[in-house]
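One chain, subunit A, links the two complexes that follow: it is found with subunit B in the first and with subunit C in the second.
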Partner chain A sequence: MSGSALPLPQRLPLLPLATGLLALLLWELLVRWARIPNVLLPSPGSVAGSLWLAAPQLAWHGLATGGAAVGAFVVAVAAGLVLATMMMLWPLVNRLLYPNLLLFQLLPKVALGPLFVVWLGIGLPSLLAFAVFVSVFPVAIGMLTGLRAADANQVRMCQAAGGSNWQVFRHIRLPTAMPYGFAGAKVAATMAFTGATVGEFISANAGLGYMVMQAQAKSDTPLIFAALAVLCLLGAGLYAAVGVAEDAARRRWGTRR
Partner chain B sequence: MRAALGSALGSAATSLLAVAAMVAAWEGLVRGLPVSPDLLAPPSAVLEALLRHPDILLEHGLATARETALGFVLACLAGVVPGALLSTSALLRRVAMPWVLALQIVPKMALAPLFVVWLGVGAPCRMAFAVFIAFFPVLIGTTAGLAGTDSGALRLCRVLGASWWQTVLWVRLPYAVPQLLAGMKTAATMALLGVVIGEFVTAQQGLGYVVMFAASLGETALVLAAIVLLCGIGLVLYGAVLLAELGFARWYGAPMPAGEFG
Partner chain C sequence: MPDTSALASEAVRFQAVGKTFPTRPHPLRAVESVSFSVRRGEFVSILGPSGCGKSTLLMMAAGLETPTEGRLERGGVALEGPHRQTGVMFQDATLLPWLSVLDNVLFPAVIRHIPRAKVLDQAMRLIETVGLKGFEHSRPHELSGGMRQRAAICRALVLDPDLLLMDEPFSALDAITRDEMGDVLLDLWQHTHKSAIFVTHSIREAVLLADRVLVMSRRPATVAEELVVPFPRPRSPALADTAEFAALVAHLRGVIARSMAA
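So, the complex of A and B:
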C-alpha cells in the first residue's frame, strides 16, 4: 500500500509544533498590524481571553456535546461490529444489507438530520440517534472489509485441521480485521462529533454547536473560535483514545501488519 | 475489460434489486403499520411530493447542483496543486502533513459558521466551505500517488536517461492518477455534504434549506423528496468521476498500477 509513503508524526513532532506556534504568532501580529476587526478574525489572544471568560459555559456545553458524541460513538462501534459480524457469518444478511450500506455510504447522510428532529423531537434522543446514524457506517464497512481480508489459505488450513467456524472466526478473521475495525472506529470518532455538532446546529438547547450558533447570532467571533477550539480538542481526544486502545489491543493480541 | 464490465453490471443489478426490495418493504411497512405518514412518508408519497412541487425543487436543486459542481472543481484544484507541491519535498511534508492530518481529526464540518462570519450567507460561503471539506482526499491522493511511485520504475527511468519531465509525465502521473481519482470520488460526496451543511447554516436557498424548511413544517415527504434529489446530484458527480476513471484506464491500456479503487 503506497499510502504508507506519507510520513506519520513520530514521537514528538517538533518541526510542525514550531511551525504552528510561528503561525499563531504571525496571526496575532497580522491582526494587530492590519487592525482587523475582532468580528472578522479575532487574534489568538482575544480567543484565549474568550476561552478564559466563558470557561464555565464552555465546560458545561462541552460536556453536553462530548457526552452525546462519546455515547453515540460507543453505540455506533458496537452496532457496526455486530452488523459486520452478522454479515460475515450469514451470507443472506450480507446480500440484503451490503448494497444498502454502500448506498448509504454515497448518500449525504448529514442531510437527514432534520428528519431525526421530526421523529424524536429536540433533545438528546434525536441527537444521539443522528450521531449514531452518521458514524455507524464506517465501522460496519471497515470491519466487514477486514473480516473478509483474512488469508484464504489460512482459513482453509484451519478448516482442514478441523477448526470450527467459530475458531476460524476467532483466531483468523478477527485478528486480521482488527486494524480495519480500528481504522473505521477512528473515522467514527470524528463523525460522532460531527453528527452531534451538526445536530446541535439544526436545533438544540445545549451543546457546543448550539453555543456556536448563539455566538454567531451575536457576532461574537472570538467565542465561536473558543467553542470550536474546545470542540476540536474533544474530537481529537476521542480520536487519540481510539489510537491508544488500538496500540493496547495490538500489544495484547499482537496482530500482524 | 469486458468481463469486468459484465460482472460490474451484474453486481449493479443485485444492488438495484436489494435497494428496490428495501423501498418495497418501506412502502409495505408504512402502509401495514399504523404509522402516521407525517412521521415516515411512504415512497409513493415521496414521489407525489416530487411531482407536486417541481418548481421549488427544481429551483433549489439547480442552486445546490451548481454550487456543488463548482465547489468540487475548486476542491480538486485546491487538492492537486498543494498535493503536487508536497510530493516534491520531504521537508515540506514533515512540516505541513501533521497539520493537514490534524485538520482531518477535528470535526471540521462544525466550522461552517465561521465561513458565514467571513463570507456572509451567499453562495461564496457555501462553496468555500465545500472546498474546505472536500479538498483533503484529493490532496492525500495526489501526494500519496506522486510520492508512492514504484522506485524500481523510477530507477529504470534514470538508467535510461529520461528527463525529469518525461519521468513525471509517463511514470509518476500514471501512478498517481488512480489514487487521485479515488480521492476525487470521496471529494464528490464531501463537496455535496459541504454545500448541504452550508445551506443548513445559512438558510438562504438550496435543497438543504428545503430539507430544513419542510422538516420544520413536518412535511416528511418533501424532506425525503429533497434528499432523493440530493442523492441524484451526488450520484451524477460520482458517476462523472467514475467515467473519468474508465477513460483513463482505457487510455492507459493496462491494469492500473495501484490496486486501490473505490
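So, the complex of A and C:
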C-alpha cells in the first residue's frame, strides 16, 4: 500500500522537486537573458534576497496570518463537525440547513469579504469571521456526506445488537465518515489561508496580505513574491499537519482499507 | 428487565402476525397472519420463494421491524425492540472493515456495555471452534467469504444468546464452502442447544439442521406447510448422503412445488 513506513528521506518526492528546481533555474535565466525589469518579474535570486533582508518583517506578519488562518481553521473544523453531526442526528436540522449550506457552497464566497467589513469593521474579528466563513463549508458537507455513506447493513447489524441512534453514529457512521472528514479538512486548510489573506487585503494592518498591499504600493515586487512564498510555505505546513493527523487517526482507529 | 424467559417453554411465538409496508402508491403486504412458535432448543428452518417475506419475518423476530398486526412474543413477553439474548446473522457477513476479527466478534459486548475481559474467553473459544484461530488480528478484507461468515457466527454467539436468527447466511458463498458452513453450524448448534430460526434456499441445509421445516407461500408470506424432520440427534453431515435423507428432501421438494402451484 502506501510507503508510509519508509524512512523520511526515501519519501521525499525527488522527481517533482527536480522539476521545481529546474523551473526556478529557467526562470532565473529567462529574467537575466531578457533583462526583464525587477518590478515586472523579479528573478528567484532577487526574491531570495528580499526574503533574507525582510526576514524579521516576514516572520512577524507571517505569524499574524498563520495565527489567524490556523485559528479560523480550528473553529471551522469544529463548527463543521458539529453542524454535520446535528444534521445527521436531527432530520429537522438537516431540512432547515442542508439546502442553504449547499447554496452557500456554490457561491463565490470570497466575494462576500467586504460585507464582513461592513458588519464587523476593520480588524481581526471581521478577518477571522470571514476566514471561518469560507472554510466551514467543505468540512460540514464532506463530513455529512461521510456520515450518510455508512453501509445500511452495518447499521442494521448494530441496531440488531441493541445499538441506539447514538451508538450507530459513534460506531458505524463516524468511522465511515473519517476519510471524508479529513478530505474536507484539507480543503478547509487552504481555504482558511485564502480567507485570512483576502481578509488582510481588505481590512487589516498586519499579516502577509497587508504586507503584499504595502509592497505593491511601493512597487516592491520582489517583496510581494517573498511574502507569497512565505504564505505558500505556511499553507503547505497546515495541509501537511492535517495529513499527519489523518495518518495518525487512521492508524489509531484502523480505517485504512 | 426481569428475565422471565426461563419460565416460558417457547423462545419465540408468532400469533397471527402480519406486516404491511406503507409504500406508495399501494401499501405492500409482506407477511400475512403467520402463527408458529419455536420451542426452547428447537431449530426451525424456513424455506420459501424469494421476495415472499422471509426476511421481514425474521427482522420482526429480531425486533428491527414492528408487526402491523398480531402479537410477537419472546420468551413469553411481548417483544419490544432488539433483545439482548438474540443473536442475528445476515446474508452478508457485515463485518466492520476497520476492526480486527476479534474486535468484530466482541462488537455486541461493546454495544451492550459489557467489559471486554468478561467475554474475551468466550470470543476466543468461539473463534477456535469455527477454525479462525490465528486470524484474530486480521482485518475482514484479508479473509475469504467463508471465513468472514465464520467470524459473523462468532459475533452472533458471543453473548451466549438463547435464540439465533439467520437470514440466508450462506447464500453468498460457493456451493462447497456453503456445505462446509452448514456442517460448522450443525456442530456448533448441537453443542449449545439454542433455539434457532434459519432462513435458507437450500433444502439440504434446511433438513440437515432443523427439527422442523416451515414452507412459506408466495407473498404475502404465510406458513403453507410444516414438516417435522424425524432424524435423531446428534446428526453428522454424513446423514445427508443416506437414502432416507434423500427421500425426505425429495418429498419436501414436492411439497414446495405444490404449495407454489396453489
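We adopt the following convention: the second predicted complex is superposed on the first by the 245 of 257 C-alpha atoms of A that agree within 3 Å, B and C clash if a C-alpha of one lies under 4 Å from a C-alpha of the other, contacts with A are read in each partner's own complex, and residues count from 1 in each chain.
The working rule: a residue touches a chain if its C-beta (ideal position, glycine included) is under 8 Å from a C-beta of that chain, and two chains touch if they have at least 3 such contacts.
Since we're looking at a predicted model, the values are computed, not measured.
Once both complexes are superposed on subunit A, the partners subunit B and subunit C fit side by side without clashing.
Rounded to the nearest 10, the angle made at the CA centre of subunit A by the CA centres of subunit B and subunit C in the overlaid structures is 90 degrees.
Contact with subunit C, but none with subunit B, is seen for A:159 once the two complexes are overlaid on the shared chain. In the superposition on chain A, A:106 contacts subunit B only, with no contact to subunit C. When the shared chain is aligned, subunit C comes close enough to touch A:172, but subunit B does not.
When the two complexes are overlaid on their common chain A, residue A:236 makes contact with subunit B while staying clear of subunit C.
Look at A:253: by the touch rule set out above, it reaches subunit C but stays clear of subunit B. If you count the residues of subunit A touched by subunit B and by subunit C, you find the higher number for B.
After superposing the two complexes on chain A, the shortest C-alpha to C-alpha distance between subunit B and subunit C comes to 15 Å.
Once both structures are placed on chain A, no subunit A residue is touched by subunit B and, in the other complex, by subunit C.
Considering their complex, residues 151, 153-154, 156-163, 167, 171-172, 175, 253-257 of subunit A touch subunit C.
Subunit B contributes residues 14-19, 21-22, 38-40, 90, 93-99, 101-102, 104-114, 116-118, 140, 143-145, 147-148, 179, 189, 192-193, 196-197, 200-201, 207-208, 211-212, 214-216, 218, 220, 223-224, 226-227, 230-231, 234-235, 238, 258, 260 to its touches with subunit A in the complex. Within the complex, the subunit C residues that touch subunit A are 62-64, 81-82, 84, 86, 88, 90, 92, 94, 96-100, 107-108, 110-112, 139, 141. The touching residues of subunit A, when paired with subunit B in their complex, are 1-3, 5-7, 9, 13, 15-16, 19-20, 39-41, 95-96, 98-100, 102-103, 106-108, 110-115, 117-119, 190-191, 193-194, 197-198, 201-202, 208-209, 212-213, 215-216, 219, 221, 224-225, 228, 231-232, 235-236, 239.
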